[in-house]
Amino acid sequence: MKPSRMEAFSDGVFAVAITLLVFNLKVPDVSAGHLGTSLSSQWPSYVAYVISFLSIGVCWVNHHSILDRVAMVDRNLLFTNLGLLLGIVSIPFTTSLAATWFNQGSNARLAVGIYCANWVYVSCFFMLTIHHLMEHEHLSSNATGTTLRSLWRKGSIGIVAYLSATLCALFYPVVAFSICLILAAYYVFGVAEDARKTE
Amino acid sequence: MKPSRMEAFSDGVFAVAITLLVFNLKVPDVSAGHLGTSLSSQWPSYVAYVISFLSIGVCWVNHHSILDRVAMVDRNLLFTNLGLLLGIVSIPFTTSLAATWFNQGSNARLAVGIYCANWVYVSCFFMLTIHHLMEHEHLSSNATGTTLRSLWRKGSIGIVAYLSATLCALFYPVVAFSICLILAAYYVFGVAEDARKTE
Amino acid sequence: MKPSRMEAFSDGVFAVAITLLVFNLKVPDVSAGHLGTSLSSQWPSYVAYVISFLSIGVCWVNHHSILDRVAMVDRNLLFTNLGLLLGIVSIPFTTSLAATWFNQGSNARLAVGIYCANWVYVSCFFMLTIHHLMEHEHLSSNATGTTLRSLWRKGSIGIVAYLSATLCALFYPVVAFSICLILAAYYVFGVAEDARKTE
Amino acid sequence: MKPSRMEAFSDGVFAVAITLLVFNLKVPDVSAGHLGTSLSSQWPSYVAYVISFLSIGVCWVNHHSILDRVAMVDRNLLFTNLGLLLGIVSIPFTTSLAATWFNQGSNARLAVGIYCANWVYVSCFFMLTIHHLMEHEHLSSNATGTTLRSLWRKGSIGIVAYLSATLCALFYPVVAFSICLILAAYYVFGVAEDARKTE
């Protein structure tokens, strides 16, 4: 199987995940006069929406960067890619879960914890993919070791940070959510930085 | 990052936004015999649907026109594009908000105001993108100054008009809605006019 | 504007329309033991789903056939295409409307009538597009008069048949629905026939 | 009609089917404190989601493999492809049906039975397509007999296994579900094995 086919399949799935994020924003069904209050009480949805939008955007860019270097798709790549996509597709669900329960006591811990764990899962599959490509040089098109290593470094930071966020969520969901926001910003800047360098 | 990748990402997101507009049209759940009445009372949904459909269509065309001129994507372009897409993706939500509350007193002002403000936001990010391209000529492929300037002119009209619409909405939602409709028509004609000229 | 851009925009919208058709099939929310009865009572949804699926499929194929012949997009083509897409995107809504109310007395007439009228609208815009291309030969790529004429002929049959279906719907919704089914089959066969000829 | 057009149409529809699978995962609407219990009671949804995700993924890959060998689309191919897509698009609906009713007595048999029957339907149309290509060699691009035969072999296993699953479902829905899971895994491994061989 050529990488282009895997790329097309993956692009479709990424587009899905981003599509479904928008279902997070809901038109309130309240009695007249309370629209403003109801809209502002939905603020965790807006924050979660922005975090997940940026994060998935960054994942898409990174996924493309990785696949651009792949010359041949083998068995393990196929598996890790399917696993990665399963994780991405679940993000709209876990985003919605975290946003819905963010303001509601003990459930917030579980909901935000699941959201962060979803990102741990995604990061792990990114690392597995990169690791496999680094181990099997014949799968890559010409010398790109440095860039894979830089993606690997960024990925490690991601796993550690998302793991901490997951643990945090069990005590302070707000802190966990903030870590996710900071990470999204960090990655967006990272992508921009890469773009500047190639420039 | 090559512009083609940013274009593919953006196209997916535009398609999403247009998809979700259609959820605005709802099958009424009324008792037998009242289908006609119920369907006609939904008229703000139909109007809002047409306005947003045309407006997003025009944005897609303009986004393509801009990206066709980009030879290289730098840090700022990446940011303004992400910001622009966030705005576009929110349109189905704000459209639905405006349509649902259009006939319901004081809430209509807030709902229509948010809808117009969403378009102000989108226009601003369009202007930021065009401005950055005009300032940094090395990012553009061969001499296209005039066309960027023409997009800039149209964009300025948009910002001013949508800002007025947002202010209007706080007093007369109907007038604000009409401004949006007129602007959509104006831009569709503008695109058609451009097509005629190149012809 | 090049036809390829209009094609990409249109393809996205066609994919949307077909996506939303599937929301027509609903998991019944009934008490235990009544699943079978509830599923079978939904039969108009299944029929409507198949009719609209085939019809939109045929429209997509025909839309491609037309655009393959276009060398240049002018003002009128842009307008008729936007109008056509608005019609296609509304099909999932009108399909759902017709299916929901098909078994419920007087409302069935209105609902099925609207569904048929939607197809009249789509046919009209197809005809407008073809007519414009026939009148302005410089817009088309090399000699394709016969095929445009054949599309025109099929389109005329469509308008007449869908108009009759709309009138029928006001008295016998079942007959109107059957006309739509027969037309879908006729067009699928027509497309297949064309494929056989080029073979 | 060229195969590329049929491929583009099909890709859109496959992306749809995978999109709608995600609607299977629902944010529970329970009182505070019961989120964990409610989420875990939804386990059939998660299992069904993974099974269908993998199965549709495999179908997409196989569909591409088949179309890669097609040089010309004739009347029968067009029909069998439309029929196949109808089946794929219905999967999210039948998945949701099976997951919703899996834990609820007698209805589980019907719901899981319909889910398995949907895969029988899809397998049949895959076989029809492959059979037609094997019979009419002029439709294929250069010598690919062996691979078609290997797809045919895998397809036969699929039909037999899904038929058994459908029958099983009438008595033991759990067993039927397990067969579907095993088949999905078998096909994913099969695809990976093919990838390894070409390597």
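In order of appearance the chains are A, B, C and D, and numbering begins at 1 in each one.
Everything that follows uses one rule, which is that a contact is a pair of C-beta atoms (placed from the backbone, for glycine too) under 8 Å apart; a residue touches a chain by one contact, two chains touch by 3 or more.
Every value quoted in this text rests on a predicted model; they were computed, and no experiment measured them.
Visitor: Given that chain A and chain B are copies and touch, would you call their interface same or different according to whether over half of its residue numbers are shared?
Guide: different
Visitor: So which chain is farthest from chain D, going by the mean of the CA atoms in each chain?
Guide: Between chain D and every other chain, the largest centroid distance is to B.
Visitor: Taking each chain's centre as its mean C-alpha position, how far apart are chain B and chain D in Å?
Guide: Chain centres of chain B and chain D, defined by C-alpha means, are spaced 38 Å apart.
Visitor: Provide the C-alpha centroid distance between chain A and chain D, rounded to the nearest whole angstrom.
Guide: Comparing mean C-alpha positions, chain D is 27 Å from chain A.
Visitor: Name the residues of chain A that each touch 2 or more other chains.
Guide: 15, 19
Visitor: Answer with line, ring, star, complete or other to describe the graph linking chains that touch.
Guide: ring
Visitor: Mind pulling up the chain B residues that touch chain A in the complex?
Guide: Of all residues in chain B, those touching chain A are 1, 5, 8-9, 12-13, 15-16, 19-20, 72-75, 78-79, 82, 85-86, 89-90, 92-93, 96-97, 100-101, 104-107, 110-111, 114.
Visitor: Under the definition above, what is the set of chain B residues touching chain C in their complex?
Guide: Those in contact with chain C are residues 11, 14-15, 18-19, 21-22, 25, 27, 32-33, 35-36, 39, 50, 53-54, 57, 60-61, 64, 188, 191-196, 198-199.
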